[in-house]
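Read through the structures below before going on.
Next, two complexes with subunit A in common: one pairs it with subunit B, the other with subunit C.
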Partner chain A sequence: MTARKRSSGARARGRRPRRVVPARSALAPTGVVGRPGLRVDALAKVDGSARYIDDLRFPDLLYAAVRTSDLPHAEVLRIDVTDAQQVPGVVAVATFRDVPGQNQVGCVRPDQPLLVETRARWVGDRIALIAATDPATAKAAARVVKVDAVPLPGVFDVEQALATGAPAVHTGGNLIEEFCIERGDAELALRQADVVVEHRYLAPWQEHAYLEPQGVIAVPERGSMTIYGSMQCPFYVQSAVARLLGLPLSRVRVVQTVTGGAFGGKEDYPSEPACCAALLAHKSGRPVKFVYNREQDIQWSTKRHRMVIQHRLAARRDGTLLGAEIEILVDAGAYCGLTGIVAERANTSSVGPYLVPNVRVRTRTIYTNNPFGGAFRGFGAPQVTLAHEGQLDALAERLGRDPLDLRRQNALRPYAVAAWGEKLAPPVEYLETLAAAERLSGWSALRRQVEAHNRAGGRTRLGLGVGCCMYGSCLHAGGQHLEGSGALLQVHRDGSVSAAIGLTEMGQGAATVVARVAAEVLGVAVDQVEVLPTDTALVPDSGPTVASRTTPMAGHAVANAARQLRAQLLPAATGLLRCRANQVELSGGWARGPGRKKVAFADVAAAAFQAKAHLAASGWYAPPRKQFDRATGLGQPYSAYAYATQIALCEVDLATGVARVKKFFCAHDVGRAIFPDGVCGQIEGGAVQGMGYALTERLVVRDGRILNANFTDYLIPTIEDAPEVAIALIESGDEGGDKGRGTASQAKGPFGAKGIGEPSLIPAPAAVANAVSHALGARLTELPLLPDVIMAEIARRNLDNVPFVESAAT
Partner chain B sequence: MAASEADLGRSPVALTINGRRTVLDAAPGERLLDALRRAGWLDIKESCGEGECGSCTVLLDGRAVCSCLLLAQSAEGADVVTAAATGHRVVGALRRAFVEEMGTQCGFCTPGMVLAAADLLTGDGDPDEAKIRRALAGNLCRCTGYHRILRAVQRAAAELREEVQP
Partner chain C sequence: MFVQSVVRARSEVEAAWLVYEGKPATRLIAGGTDLMLQLRRGQRQALALIDLRRSGMDHILENEHAICIGATATVAALAQHPGIRAHFPALHTAAATLASQQIRNLATIGGNICNASPAADLVTPLLAYDAVLRVRRGDDVREVPVDRFFTGPGQHVLTQQDLLVEVVVSKPLPSEGERSRFLKLGFRGAQVIAVVNAAVSLRLRRGLVAETHIALGAVAPTAVRAISAERLLRGEKLTPEAIAAAAEAAVDDISPIDDVRSTAGYRRRVVRNFVRLALEEIAAQVAAETAHGSQRSRSRA
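So, the complex of A and B:
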């Protein structure tokens, strides 16, 4: 299959990109897939008519508030809610004693009570819940809940948490689990290498900072509960609420409302506010709303995991990589949450897209009394990518090599064996992304410009940094039991189409992709397809909306349903066109037969309805089973891989220590862009989130409490920080399958699409850190690179003693 | 979020919202944001509630302001425009441009973004890129990377210029 590339570098300068018409193949789309067009949900978003959770109204609505632990670690002796119950306007108060089912919200391990029984393990732990007729009353009542608690010593650092005698956050010690990769002999490789590069990287917490805070409304009804809310994973919420209330899943319905950003922050976490609201709704018999304000949202919700990564990379003098030894410590916080699954991805991703024959990786997850880690775009990969890409640049520097060239030398190619022992089936498009990023950035010329600028010795220094990744598309083998995904499609008798999926639109463009896939397969126009809000009552459990799996998984399910519907419509079409089924072509809202005969799709639908055809179809998709051995970390962890290369041009002001990204170049292997403008929008947004992580986003945590839970002190990028982002898309457009050459099958999405949500962010922090390191001639290994960090480095390297204007040195 | 004193000492605030003369029933200390949302203007979104993000931006007598930082009672006699406004030339052009250029993803910041840009384009029909960035620097977006927002504002400005010089 010929790869085709689409450059949108032109877009950055306000022009439309050059469109390249793809080579046609049996699998190539003929309709809307891959073509320009608009988001299906844009109109309602620009005029504000889209209804988010806080915009919903219910009669007799109550408002929830929470009394949390004031202490990061404490023995709770007594909880007295008498005063709170007597506040006028308070309708229900709940403590752990009021939970009818299990007092448990741990989404993987049962280590997290919804409400504290005897032990508080971080400042966000809930002691009591209040429902009142207005929010202020609920808050006032929460303040008068009396808690007798004895402070316990806390532990706030992963290394200290592992030391003997450290306070135990849970009985059984602070080490939760371990993951590894053991392949070849890493120790021997390190001993025999010409060069060993070793650094310790510190990847900090990151706040999601979606603009819409967490929010849910629980509506009770005769022994069942309906939850409306802002979320990624309605089926997680359904399970959590059912377990808490002791209800069968059939009595808990979850409806996702328009969701104002998530980025992983609404994967596991919404189960917590949902359980709070559900318990209060159960107790009061009235609908209960629980919408966080910004401070609560930042203080209580999960964060990108803080990781400490010790990375040793061994190479021959000619640059050939020989081995890697990597130790990763993951701060889980007070509860495990999704930490094990994040760690599993970090563990697998820690070597990067390189041929490294000898690998030893150990990843440990550790309890502390810190805020707890959860899902965040990239799921552990951005942290380890910071390390492996820092190492590649450090090695290039040590050997006097060009960073792109060193990567090319060691790149994984088709049929190469990845760190986890899997022989990679083609296409393996890593080299293509390297080449495309090199072209897009004008790498050699740009490097010469940067060097000339720095030799001139002005107030600023420039730096170029590369970041690359190999993203395992969809769920890791460890989570493959959740990988099945469903869809429900209905053709109405007027030819309009309703589509429901089990995964969610949260801003990323899933609804548009679903509409496009349905339209492409059914042969209708995109605006004939209405994508419904995700509702657990409509579609079977489709797993979580995570791991960049919505386009591949929901896309396949929709295509599957649409193919069934097509077959169900064909008899009506053949009747109207008076031809055989194989002569009918459905496309663009028409059914065409031989000899220019055509009828509108709507007429076909009407005729099919008259003929009592079944005009609904339930679609399902589950990728092939993957074999993976957790004990060695070897096997096939993912169904397919998406490769990316990003290049950052950064400028550092030596007088202020401010680093800025001036230009950013992205080359992504996306399989096929079903909605190219949406893909580019994801890349631009993900890249800028990654830049924020690298440069400005510092969560200040003291004794487990976040001190900057607001947007004045926690700095996400503004429009003044966001640089021009130039993009190249690499599309092989192959749906894949077992090539019968001893390689595992590459199961991709419909039309060969791979997810882009996470690969857009994963290499960005590394690229920026490498660029700033290049500018300063130092290796910066701890994020974020705020001015205090950079000024310290400038002082250490005496760069501040260099006069700002000097004649060009040789 | 509504204040608990909401039922005490309410007083009428007469103002114009999207061209319609309206009387809001506002409690002392109530934020303009809450009074407007309570009156059904749910296109105004609350994200930070502290004037840091711009999501709750409205035009108050033509200027973009954070409605979370204003008391409802201070808006007496004001002309308020929200993203839902019909028949507002600049807001209409911006809405179209945000759709065309895909300057929206999750959409939560979008109404505020449109209004901040409307303030800019009302005062300057041909702002350069730096001026657009400066004008929108108080409006946070976490999804788009701002690229398409910038292009949307440029597109709307061009469209509005063409309208006046046919």
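So, the complex of A and C:
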């Protein structure tokens, strides 16, 4: 096991990670894996040549606009589009009556019509679609659609939604689903414990705020439809459009365009604009573009789910955890979407990386007339992590214990049984992340410094907070039917390589990882590998690009294809080098034989082509089946786990209540960093996005409508808000497996890599909330910790009645 | 309503006459960093725009008595001006921390004033320094003190035919010993509209407060002066007690509201703390200068 350190951020830019070369093993990479380098798409994005959806033009292109419901909950009696149709420049108008297939875009449950028939359930519900020759005309026409609607009472709070007599968002009531974990006897444990810590946590909505808003273009052609767009999951879009238009999947092709960020917000959601554009393209017979502006994007697209978490944690006086009882309410919004799957992960993750023998968790998903909950980096885990990490810090405080020490005492170790009853196969790197974060932050000295600062009084107070997580890598057992993942590799006769995958590059660096894995296995340079845009016509359905699964899944699929190609190239190489197959080594663009003999990879490719070798390969990877019982929440929910510890040093200004993160320390178990710069970029980005969630990002929602659907008032962090982020990477560097001790095997990615996209964010909000709570000496359990919230605590205890400036008092 | 035409004024005179003869639904545009957003959101309408950026009104002229700032001088230019930095530190700080570099390069002082946002960052310092605004109608120029310029959120005394041409801030005499501070509260590190801003100027004579202006933004329909706090301070020594009393009094001079950014109660608390903080900083500066001065005279002796 090796660790790398790297520190970066506004104040420490340009420092490179300290590299410790991993121990050689059978699987240790020899080429580009683990080396510094550029992203393969960096130049195109910097010089402006990358073409995003809004850069694309088609002949006869039309522009779409939508008429949405003015009311958060209403009975729609009549929709009259005659005036809209008469606006000059309008080419097509569509309502639910025009849908040739099913008027349905529900991703998991069929509860969401694309277009309102008789009932509007939130302000984003679509009533009519317009296609016109320019965007302004389309918008003007949308405004003159006449809608007769009777307002219905709405419900905007999960607790109220469950009360008897609450307005029902759907027939059948507002409770959608329940998940649970039942292990041991939590009730008894709570009764017999020396201490019970109980808090109610509120994790609010969060907007993805990707740089590029949602956008698609639908191009109709002889009974088929092609969709271009900014998205994470082309196969979801393909199914949605096929269902809406009543077409076989073979007639719907989806091509992902360069995607300017997604963070989960382009998982299920792009099916909606894609279906709108497709329906209008179908009706008009012309290509239709539908690109959101920022306000529309924030108002209509999905958000991180708002969750209310009641958490009771029982322990012995010596700090040993005995039991946990956790109630989670998840606000789905008006439709289910991915809520059930998010809730399933929240449910499983709610206890954290701790040994807790008695567990009772209940997670309920609930309809309201609020904004629509969906996938967002962490997928339900950041919310429950806020709670379990808040509880650990609260318990440490109660028992007068060091927070890191208390975590160490209760940490899951190899062969320990996790909350969901799984005996964990080694390696379990949680303790290593705790130790690395402790070293990185200079924990004990830093704590003493913080205490000294606070004793001295003055305008600011400092606080230190810890956040830890155990992230189930890739899809939950509940979604394992979607886990198979494909790749297509081709070696051209000049030795260059084309790679296509079924998952997507959305800014996270997938293309670079894919190019590196292909280059590593084939022994070529990274820039010899061209990664193609993801296209449903090229690669079989590979499931969604989510759950930090791209590096493990697409990585394996690419490695699998590359190994096949290697075998197909070997006869040519042995011919040229006059040696046996097992004597050939492919690396760095050369095929090497015994005794310093070598030929260029390009010559091998040319010879193989001459010999009529099949120089394309289709790779496929599916992790082993997992056993999981939904009724009890017990079993093996994930293929592998990634651990993380993050520590925040925060400062609170007593004059204003403004909290900011001064320093941030991250220790992550990544298995293997295939692209270390990319890994560090993900960690910095995830951490800062988590800080935004903790401190400044507040959606102001009234009667289901977002009042600050803009970047003036919805405040995401700027570079001025990004502190120094120090990083330690823990690389155990093998693909894992059963060591014959009765544990399920860990299925990691190629070269032992684990996903990092989400673990980078998950503990950050908790670490920040804990640090601010530490600074104030009061447990803050609701995010975001905006200055007015903090100030209320300051004012309550009159903490601001100190001299702000030293010498003024004298 | 969409903008159909844009006319670019090539001089102050041309701008003044274009405005004077302007058709209805004509608006002025300088940096456009307020107006473009408002047009896009439908908060303001215009059929025609008069573009002021090439009208040559972007001068910053300094003489013995005053600094005259042209209405289209950019916020970036203000932030870089050594005279403003030396004589009007609150205005300098407000300009240097407004939005972000990209916005500062476009945004103008005239736009900041004429947009008449109660949260505008340059306005509180201008109030603290008693700035005078020069307004032109055709060939007539009149002067309006900044504290009589604003009439409500987004509203001011200019008519459709008026053009703001220049902002004049008079320099204090060195003997007046003026000190000033600007404080801004936004909820993140940059690119943020103030939830509260404050500018305080203060003159001491023989250890007593001779004059002080305390201007507060985003806590009333327009930026306001904390008149009762100022009154309490005049003639007093800058003791912690006097400072605390003034800070409490300032809370009664404002009328904040709840909005998407924050709450009235929170703004009151911050105003109290900001007034105290600014005055404590000034007191500390005075104390440091006095200590430094007496040290110097001692070493000279």
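Annotations
One rule holds in what follows: the second predicted complex is superposed on the first by the 787 of 810 C-alpha atoms of A that agree within 3 Å, B and C clash if a C-alpha of one lies under 4 Å from a C-alpha of the other, contacts with A are read in each partner's own complex, and residues count from 1 in each chain.
Quick note on the criterion: a residue touches a chain if its C-beta (ideal position, glycine included) is under 8 Å from a C-beta of that chain, and two chains touch if they have at least 3 such contacts.
Just so we're clear, the structure is a prediction, and the values are computed from it rather than from any experiment.
By the touch criterion defined above, A:136 lies against subunit B and subunit C together after alignment on the C-alpha atoms of chain A. When both complexes are overlaid on chain A, the residue A:153 reaches neither subunit B nor subunit C. Of the two partner chains, subunit C is the only one that A:715 touches; subunit B does not reach it. Contact with subunit B, but none with subunit C, is seen for A:688 once the two complexes are overlaid on the shared chain. In the superposition on chain A, A:223 contacts neither subunit B nor subunit C. Which of subunit B and subunit C touches more residues of subunit A is settled by the count: it is B.
By the touch criterion defined above, A:700 lies against subunit C but remains apart from subunit B after alignment on the C-alpha atoms of chain A.
Contact with neither subunit B nor subunit C is seen for A:59 once the two complexes are overlaid on the shared chain.
In the superposed pair of complexes, A:46 makes contact with subunit B only, with no contact to subunit C. In the superposition on chain A, contact is made by A:210 with subunit B only, not with subunit C.
Residues 136, 712, 717-720 of subunit A contact both subunit B in one complex and subunit C in the other. Contact residues of subunit A toward subunit C in the complex are 136, 295, 459, 655-658, 660, 696, 700, 707-708, 712-713, 715, 717-721, 786-788, 791-792, 795, 800, 803-810.
Contacts from subunit A toward subunit B in the complex involve residues 11-12, 14, 38-39, 41-52, 54-55, 63, 89, 134-137, 140, 208-213, 258-263, 293-294, 506-509, 677-678, 681, 684-689, 710-712, 716-720, 722, 724-725. Chain contact summary for the complex, subunit C toward subunit A: residues 2, 37, 41, 100, 185, 187-193, 195, 240, 243, 260-263, 265-266, 269-270, 273-274, 276-277, 280-281, 283-284, 287-288. Residues 1-6, 42-50, 52-53, 55, 82-84, 94-95, 98-100, 102, 104-111, 114, 132-134, 136-151, 154 of subunit B touch subunit A in their complex.
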